[in-house]
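Each of the two complexes below includes chain A, the first together with chain B, the second together with chain C.
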Partner chain A sequence: MSKLKLKQQVKRGLLLYLPLMVFLAFVAVPILWTLSLSLKDERQIVGETFRLLPSPLTVANYIYVWTKNKMSLYFINSLQIGGVSVIAIVIFSLLNGYALSRFHFPGKNLFVIALLMTQMIPLMLNIVPIFIMVNKMGISDTKLSLILLNVAENIAFNTLLMRGFISSIPREIDEAAAIDGCSRLQVIYKVIIPVIIPGLVTVAAFAFISCWNEYLLSYTLISTNNKFPISVGLKYLIGEYSVNYCALAAGSVIALIPPVLLFGIVQRYLIEGISAGAVKG
Partner chain B sequence: MKTTTFHGWYRKNFAKLFPLMLILPSVKIIMIFCFYPMIRAFLYAFYNYQRTKPKAYGFIKLENFRKIFTTDSVFLLSTVNSFKWVVSEVLLQLVLGLCFALILNQQFKGRGIARTICFVPWAVSGVMTTMLWRVMYNENIGLINNLLSIVGLGAYRTAWLQNIKTVFPAIVVAELWRGIPFFAITMLSALQGIPGELFESAKVDGGSGRQILFRVTLPYIRQSIVFATLMRVIWEIKSVDLIMTMTNGGPMRKTTTLPIYIYQKAIVEGNYGYGSALSVILFIFLSIFAVFYLKANDFGKGIHE
Partner chain C sequence: MRKRRNMTALLLSAVLLTVTACGTGGGTTETKATQSQPAENAKTESSQTSESAAAVSQEPVTLTVWRCNMTEERTALIEELHQKYVDEHPNVTIEFTALPDSFNEKLLIAYSSGTGPDVIAHHNDVPTYIANEYIIPLDSYFEKSAKKDTYLPQILDTVRSMDQQEGKLYYLPEGCNANCLWVRSDWFQDKCGGLPVTWNEMFADIEMLTDKAAGRYGVSLRGGSGSASHLEMVMYSYSGIEKYFNEDGTCNINDPKNVAFVERWLGLYGTNSSEADIGNGWTEMAAAFQSGAAGVIQHNLGSAADHMKAFDGDTSKFEAVPFPQGESGYTVNKAPTPTGLCISSTCENPQEAFDFAVWMTTAEATSRIGEMWGQIPCDMAVLNDGWIEELPWMKMAAGMLLNENTRFYENIAYLPNYNSILKNEIEPMIQAVMAGDMTAQELCDAWAKLLEAEYQEMKDMS
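For the complex of A and B:
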């Protein structure tokens, strides 16, 4: 009996824990290695002996990237672009989600298909016309251009997510408010919004991660160094610090903090969101 | 008089107009920044439109496409690379992602934290993935080379991203780092949708673990597998951030996929017409899968919560 049990445990270990550990290592090691590098003294890594862990620990690299070059500026740029984009995305997706969950109207299905299609259009197809259009509109090399495009790129997914949140609120609440004399818009901001705050936070977090991570448009549209968001700034750091890997690692860790923290908020909704078929890859 | 009738009409139809008013701003933005550029790209594809030669601007019918298919050897090469990229990414993500979804769906201690760790790469962008993996692959300070030395395989040390033999597998692995979690999340949601009674009755009937997997579990989530695979194909065809920042198509064009080539032609060289023609071809490749995808999604109806 105990032999059978042992056999079962070995089997479970081989089939479950071993592959799980390998996979967890695969996911965690690049992050941990970068973290370890970022805390090392630069002279340590070119030394003859290889060390897995930094000793002595130093935060000098963080201070260096944050103060000696424009890392802090890029970080703030990304916060600004992301912040304004997120506010717009939340408002638009709230309006869309409310319309989709509460009303039947002509063109409703067409609208949903159009939203799904925006996720399919490769940015590579649109990038040339966008580049030319933004130049003609006189907003090339501005944060405004990135904000407008961020909104356009992220409306679809967040609308579909928001529709789900609003659909979970019973319609009777709307009707009761209307009887109490609320206008249609008042229903949205007096009734729906207070109930849906967790949903709004989730949408905002999803949208912020996406804006923070956006690269191709910023790289193409922004040419002034001082206006770079962090994604593009880091790319240039690679060139600038091809030798100073510790500083580069510290920069990477700083840039990873906001999306990974927000990941905690959206994690619960990841599965629903991704099965809604519209998270960007 | 006229205004009052309009007003009357407006008040009478307000209920119908209200939802349209709500979506109007978004419709405008999507039209201007998604669909209008798409139409323009299709038009540019038939023009000789170069940043450096504004005087040569003009309608040239199918000339761009003729050049692409007859004289452009890089096009063929980048299409082959794109094909290799999509096939290796999607196949590996499918197999490994499904395996890890099955594992993460088991009961074990610390499952919650294991799931969280597994899904973290979802939040990490292509550029950030590049940053993380560059310090893995680096010839001198990279973890891989150092570990090879420690276990006595120092002979296999190489500059993973500069060696033309290793660069393609290297970028594939880095993308898998983000892709497998992505796939696993989708599969996990499908697995959680399987009613528990199904397993119980299968066990009562005396099915072994393997039989249950192949006769019950996998058939039950078959549709989700198809769905997720198509979704990944579309994304991997489009994917560009990671390759662009990690190798930018090099060395010796070993990692030049179609989107990378388009960017080099259109934005770097400024050959807007030719680049647009290339991207129209990319779009056609992609739409084949997009049609299947939208169909699997029941054209948007299937995504009601």
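For the complex of A and C:
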């Protein structure tokens, strides 16, 4: 191996791989520790002896949180709320983004600025009017209220993201499709969507994570225990004076499964989508 | 052109429909009877006492109950108790919401929109509820109650002190926690020949227990969340001062005896306690104690179950002890702030709600809640229950509460911003003292000033 090549490899190792490994350690160690905790019983974590690996290994914590702690119920609630919210967010963001990308209308720039400004207002400031509004609509203490508010909360950011993706497609393609007899909706369905699948996946992924992790609205608007999502359900494992660490770890692992699976499946599209959106945003 | 018109018409219709839907009133579930504005009901007892305490309505009644800091185990117990109550009172339906976190923000938001639960099982912040008119005074119901003499008198005094203006009873006490020191009694036997009686002996023993080479410290201090309230308890137990404010409105938290204690106690940091203690909350302290890294921690009886698990139920290794005697020659504790049940100002059935609250705060209900929560029931009749006698720390706490020689220093939780001052102002200063950036005198002077201002503001408003 030539000296130059060796030098390049050493440089690459020190400047790229080493920092990446350190970063990986920071990210992976807490997750691996959580996994390890979830497979231990409580006596292995209190007391004087420190154990890295579970011995004996037990799945009792998973059974406990899934059954006795009703995590199955909270998990399904989160899937329902997140799933419906994501579908609505993707549809509305696509249509909004198309309109902002393709149409010229008075107040368009002002509208974009308004969308950006909504991102700067913390949710906490609006929580009282939101609660009053939801009460007056008669949907307090329902999953529908969470779905509507998830959509409202996520639509601005994802609209702007979608605008960027759609803007990367030349208008001429739309025009060509229109000449061939496509209506506006057909252009979106048959031409735009197949091209911006990475963008759609990116929007869906971000929206799902946001909906899955949402705590404040869920805790405030819901007053029936069986309707809480998993973000609130995990809190039941933290008592006033004691924490069931092993069960909490098991619950956290369960809560991690959908986002991890989602990102595992869509990561290829996600990487394409994030970089495409960054260029034209 | 035609398509654009159609689209515009469709959009306008959608907007109009949305506006119409938003304009429709009420429509929430029939089982919730809490839609009325709170202000009209606030503090007006006359309209609520038209029935005598004995004449509880037999009409169907629904009560909404909120409890905070719940786990699934606690929820199961409360639901069981509610079912027992409903079996005895078939006309009552209870809608119970078990919240896993604190609920002050949720309550604030609910009352801002004119809704709220009927019964609130609170944890703290009653002065805020009183100031905001979330809850009603219970005196007129209490005076006629057959169970009024069953509650611990000193606990009722504390409850009444929450209303500094009129001393009214705003909730029925359910249970109180006792603050204590958890100690490694096996270490004390081994190194010190027994447990200390006075604070001076405690400081000497802490030094003897410290063995840095073996990773053992005499004490684990609380430098993080909750440090201020803990420090306040131990300093007053040392100084023996029983009132917080002097006659002229000045605060005595910076009394030389208190300052001397703070210097000594926080001076243990880094020498007889770990340097990690600067960020300790109760979980970190408990972990230090249970893992054999610390010989003494300050906490309440709520962590007993965790210690039992950690030490495999071997009570020869650990125990709960009251605060040592200070310069005064007796044990001084903070007047306990009990948890309890309040009745909301939006409740449409206050008599039924009061009857329910009495049932939940006395006899079997309060005993079982106390056993699970790790708190002392406020019903004197259950203080001799088996589980209290069997658990050494409960027996210690019950004995301490009933002992005539136990003194209590004034609990100033009635100051509306007391908790916020401790959390936002004092706790960072405690860390500064531990880090050597501030002196104990400076801390106590600043603390006194903040409390004096708050006290004066409260007096000016009354």
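The rule we apply is simple: the second predicted complex is superposed on the first by the 224 of 281 C-alpha atoms of A that agree within 3 Å, B and C clash if a C-alpha of one lies under 4 Å from a C-alpha of the other, contacts with A are read in each partner's own complex, and residues count from 1 in each chain.
Convention: a contact is a pair of C-beta atoms (placed from the backbone, for glycine too) under 8 Å apart; a residue touches a chain by one contact, two chains touch by 3 or more.
Not measured: the values here are computed from a predicted model.
Within the superposed three-chain model, A:Leu95 lies in touch with chain B and out of touch with chain C [touch as defined at top]. With both structures placed on the common chain, the touch criterion links A:Val112 to chain B but leaves chain C unconnected. Of the two partners chain B and chain C, more chain A residues are in touch with B. In the superposition on chain A, A:Val260 contacts chain B only, with no contact to chain C.
Touch criterion met: A:Thr224 reaches chain C, while chain B stays clear of it.
Contact with chain B, but none with chain C, is seen for A:Ile121 once the two complexes are overlaid on the shared chain. Of the two partner chains, chain C is the only one touched by A:Lys68; chain B is not.
Touch criterion met: A:Tyr236 reaches chain C, while chain B stays clear of it. By the touch criterion defined above, A:Met133 reaches both chain B and chain C.
When the shared chain is aligned, chain C comes close enough to touch A:Arg43, but chain B does not.
Overlaid on A, the two complexes show chain B and chain C touching the same residues of chain A, namely 46, 50, 127-128, 131-133, 220, 235, 238.
Interface residues of chain C facing chain A in the complex, by the touch rule stated above, are 21-22, 24-29, 66, 69-72, 74-75, 97-101, 105-106, 109-110, 112-113, 115, 123, 282-283, 286-287, 290-292, 299-300, 302-303, 305-306, 309-312, 373-374. Within the complex formed with chain C, the residues of chain A that make contact are 42-43, 46-48, 50, 68-70, 127-128, 131-133, 135-138, 140-141, 219-220, 223-225, 232-233, 235-243. Those residues of chain A that touch chain B in the complex are listed here as 16-17, 19-20, 23-24, 26-31, 33-34, 37, 45-46, 50, 92-93, 95-96, 98-100, 102-103, 105, 107-109, 111-118, 120-133, 148-149, 151-153, 155-156, 159-160, 163-164, 167-168, 184, 209, 212-216, 220, 231, 234-235, 238, 245, 248-249, 251-252, 255-256, 259-260, 262-263, 266-267, 270-272, 274-277, 280-281.
Interface of chain B with chain A (complex): residues 16, 18-20, 22-23, 25-27, 29-30, 32-38, 40-41, 44, 96, 99-100, 103-104, 106, 108, 114, 116-128, 131-136, 138, 140-141, 143, 146, 149-150, 177, 180-182, 185-186, 188-190, 192, 224, 227, 231-232, 234-241, 244-245, 259, 262-263, 266-267, 272, 275-276, 279-280, 282-283, 286-287, 290, 293-294, 297, 299-301, 303-305.
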